[in-house]
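These are the structures in question, set out in turn.
Each of the next two complexes has subunit A plus one other chain: subunit B in the first, subunit C in the second.
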Partner chain A sequence: MDIVFLARLLLLSVILIGLWGVLYKKNLIMKIIAMDIMNTGAISLFVLSSWQRSRAPVIADSTVKVATSDPVPQAVILTAIVVGFSVLALLVVYVMDLSRYFHTLDTDRIQERWKS
Partner chain B sequence: MRIPFDIRKAYFAAAIVVAVFLAIIPDTELGREYNAFLIAAKAGIPNTVTAIYLENRLYDTMFEVMVFSISITGALYFLKKENKFQLHDSLFTDPATIIIFRGCAMLSFLSACALAAVGHLSPGGGFAAGVAFGTSMVIQSLISDRNHLSNYLSMERPEKLEKSSWIFILAISLLTFSEIIPPDGVWGNLLSGGWIPMLNILIAIKVGLGTWALSLGFLDHKWIF
Partner chain C sequence: MEELMAILFVSLLVMVPFFSGILMLAGKGRDSRILLPVWTATALLAGFMLVKGGAFHVVIGGLYGVELMFDTFSWTFVLMNGLVFIGVTLSVKKERLPFLACPLMAMLHGTANAVFISYDLFNIFICIDLIGILAFLFIRLGKRPRQIWSAVQYLIVGNVGMILYLVGCLYGYKATGSFSMETLPAIPSVAVYLLVIGLSVKGGVFLAGLWLPEAHGEAESAVSALLSGVIVKCGIAPLLRLAELSPVASEIVPVLAVASAIYGVSYAVFDKDIKKMLAYHTISQAGFILAVPGAGHLYAISHGLFKSWLFIAAGNLPSRDLESLKQDGIKAEFWLPLFLGALAISGMPLLGGFGAKSIIFGQLSGFPAFLMYIAAIGTAVSFAKIVFLPLSAGGDLKKALSLSGLFFLACLVFRDIAAGYFVVSYILKSLVIIGTGWAIYFLVTSRKSVHLPKGAESLEHIIGLLFIMLLFMIGVSGL
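So, the complex of A and B:
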């Protein structure tokens, strides 16, 4: 089989594993780590889609045409990397604040104590 | 509120359907190498990725650094709540560790300068340089005496500098949008490509200072140490 197809299947399964962690893990820190795994899978999927078994998209001479990787998915996903870092920092700090208030990280216990 | 069935199973099934769809669609190769050459020739710089995110998608980058800024403000707000700060002495006092950390900080600061300066000619650019700059600053704050450091560098200084560098990025972006661009230099020269080297350096300063402010907030927090 094609190596690109196999890598794409691997990255899609990484995204699904991250989604499983976000949905079914009870600990909030584990949920955040699973969300970061999902983020990494999506970023790698974009990088894979620009990969063409060729060199980096830096053009030394604009008159000689050589095959390079596609720069568009890489430039698009650069935004997602920085925004992912920002969201991760904000989530970690918010979970720290929640745990100081509820003295636990378990979602079920937080739901119980939220009512009372 | 009580949901009759487990909604998580529905989410997971929908995700599997989308993943199967993404796995079987073919990867088109249409007009890719042509795109890269067109973009590089239009922007006048060799690195096409930088050309896209600082010329074709400048609106996107402008508001992306604003998202970064706002999230750092929010994180520092949560960290500063209830005044749980304490300045500690230096975490590492072992002389061998201090020498190794100083070397690492120097190396990553030099690599940050190189990445920011030639980000439009080689792989690299503003965001990578910013992360390297922030790393060097965090290593330096780990080994230096924070009580001594806070005498001439307050905790709020990196955050304020970061916010003001966003104003400069906004001003240069507005200059680019109104087509007030310095003359193009020689292809592959250090001063070529209009405002792009300037924007690279400003983004590096902004991302580095933001990372440093956030890490100082985490380091000074009582909850961790």
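So, the complex of A and C:
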């Protein structure tokens, strides 16, 4: 059992913990934080996956044995981090708006308003 | 040469809408008609390339670069994007648009084009996430509390879906060393399931897309038209590509399609709220589009046109409640576009829906075909509610000839003529479907009202169902 495998298990469980939060936390702010935890788990999975010793994608001469990490996932994940952050910021702003209208952040109580 | 062409296309399809959006934002422009040339340019370019035919595939910048695909599939979606935007722009009155609507429209147009021409999984992720943010801002444009609530729900569900999609991208990359869609046949099935789930959230497909009735029903009608016409297609277009390229996805996507066609229709038949009913039909029509992955884009263009027309026409009505409309009647000028749109979606020959449905049914067989016929009859049943609305006095039929209505009608008629399926057997088949639907309406559903439970549409349940679906798929593939 190597460390990469253990780390991957850990990160998958981070995603699942985030999911649990999104499902079972009633407070909207808590839901959003849980969603961010999920996002962090996914992003860290990307960073972890660049940990490989076998293949260097950028160096043309692949016979050179240097410890390299794959730059591609690390490069693309930056964009995902930015997008995740902007979604989070947008959600927090509008949750603030919602709390002004409903004086509560409890999703059940907000949903009850339209049950009739 | 091809790379140069691709850069030219990208600047016309993506950069020009974005820059015009930024200019509108800076100039505080509220008249969306200024943007008409942008939409027209998109539509003309796509139309020209469709007529010219041929496909080319470019990786700008070489290895690990931006991968684009220009084929009939992507040009059809781009054409739909242009036409729907032209129609919606012609329909909205200048003074009715809130600030931000025009810049958002321009940016949405560009982003949707980017989704349709992208050919690598990660670029599609970024574009769809951007679409999610723009759709969020669109849904809340009316600033009513309920719109903000449904927009927040949409963004949370959509973001959870996109996180799954991201993990799917990663597993695909690890297996093949590339994000390109060309490697899709080789990526492991777990990755395909994650990608399918993520895209089906955005595409409004069965179970994962149940956020849709709430959001589409609550938003302003021009916004609903764009949501159903363009934004939903941004999830469906990559899903169609997935189903075409990956053998794993080609097995599950048609199953999801049939399920969502039946689910959407069965709720639409009994719904009394005209906008909710149209929103449920978006779910069921997503099923029609995905039922035959090879021909889905041909259905999508018709659906984009008649659904946005219907949403715009429904927005003009004095009430959303079909019961009260049935009692009071509607004026002739509001009735005509609704009537034609309802006939188009039911599959009446010469109105756009017929050619599209014929293409789908021509390629289906066996049990799925049977279920899709039921869904088509259900569509006719639920739209009979609109077709047989009584007319009230004092209407002026001449006023019904609005610019946008004529535009949509012309596009739909042209669509049907271009599809060509004017064979007696197909015409008879679609007339029988419509006739059966109307008969069922008069005999059964117009007399009874049934309330189906809607518990599955709350935020927690949609996300929960998302994961149950994922576990189910992984479980089935493991057996």
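Methods note: the second predicted complex is superposed on the first by the 97 of 116 C-alpha atoms of A that agree within 3 Å, B and C clash if a C-alpha of one lies under 4 Å from a C-alpha of the other, contacts with A are read in each partner's own complex, and residues count from 1 in each chain.
Quick note on the criterion: a residue touches a chain if its C-beta (ideal position, glycine included) is under 8 Å from a C-beta of that chain, and two chains touch if they have at least 3 such contacts.
Computed from a predicted model, the values in this text were never measured in an experiment.
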item	value
Touching partner for A:Thr68 - first (subunit B), second (subunit C), both, neither	first
Touched partner set for A:Trp114, first subunit B, second subunit C, both or neither	second
Which superposed partner A:Ile17 touches (first subunit B, second subunit C, both, neither)	neither
Touched partner set for A:Leu105, first subunit B, second subunit C, both or neither	neither
First (subunit B), second (subunit C), both or neither touched by A:Ile81	first
Contacts of A:Ala42 with subunit B and subunit C, given as first, second, both or neither	second
Touching partner for A:Arg8 - first (subunit B), second (subunit C), both, neither	first
Partner chain in contact with A:Lys31 - subunit B first, subunit C second, else both or neither	second
Overlap of the subunit B and subunit C footprints on subunit A, listed as residue numbers	15, 19, 23-24, 45, 49, 57, 72, 76, 79, 83, 86-87, 90, 94, 97
Residue numbers on subunit A that touch subunit B, as the complex places them	4-5, 8-9, 12-13, 15-16, 19-20, 23-24, 45, 49, 52, 56-60, 62, 65-68, 70-72, 74-76, 78-79, 81-83, 85-87, 89-90, 92-94, 96-97, 100
Interface residues, subunit A side, partner subunit C - complex	15, 19, 22-24, 28, 31-32, 35, 38-39, 42, 45-46, 49, 55, 57, 72-73, 76, 79-80, 83-84, 86-87, 90-91, 94-95, 97-98, 101-102, 107, 110-111, 114
Complex contacts: residues of subunit B adjacent to subunit A	8, 11-12, 15-16, 19, 22-23, 27, 29, 32-33, 35-37, 39-41, 46-49, 51-53, 57, 60-61, 64-65, 67-68, 71-72, 74-75, 78-79, 81, 121-123, 127, 187-188, 207, 214, 221, 223
Contact footprint of subunit A on subunit C as seen in their complex	64, 122, 125-126, 129-130, 132-133, 136, 140, 145-146, 148-149, 151-152, 155-156, 159-160, 163, 166-167, 170, 173-174, 177, 179, 458-460, 463-464, 467
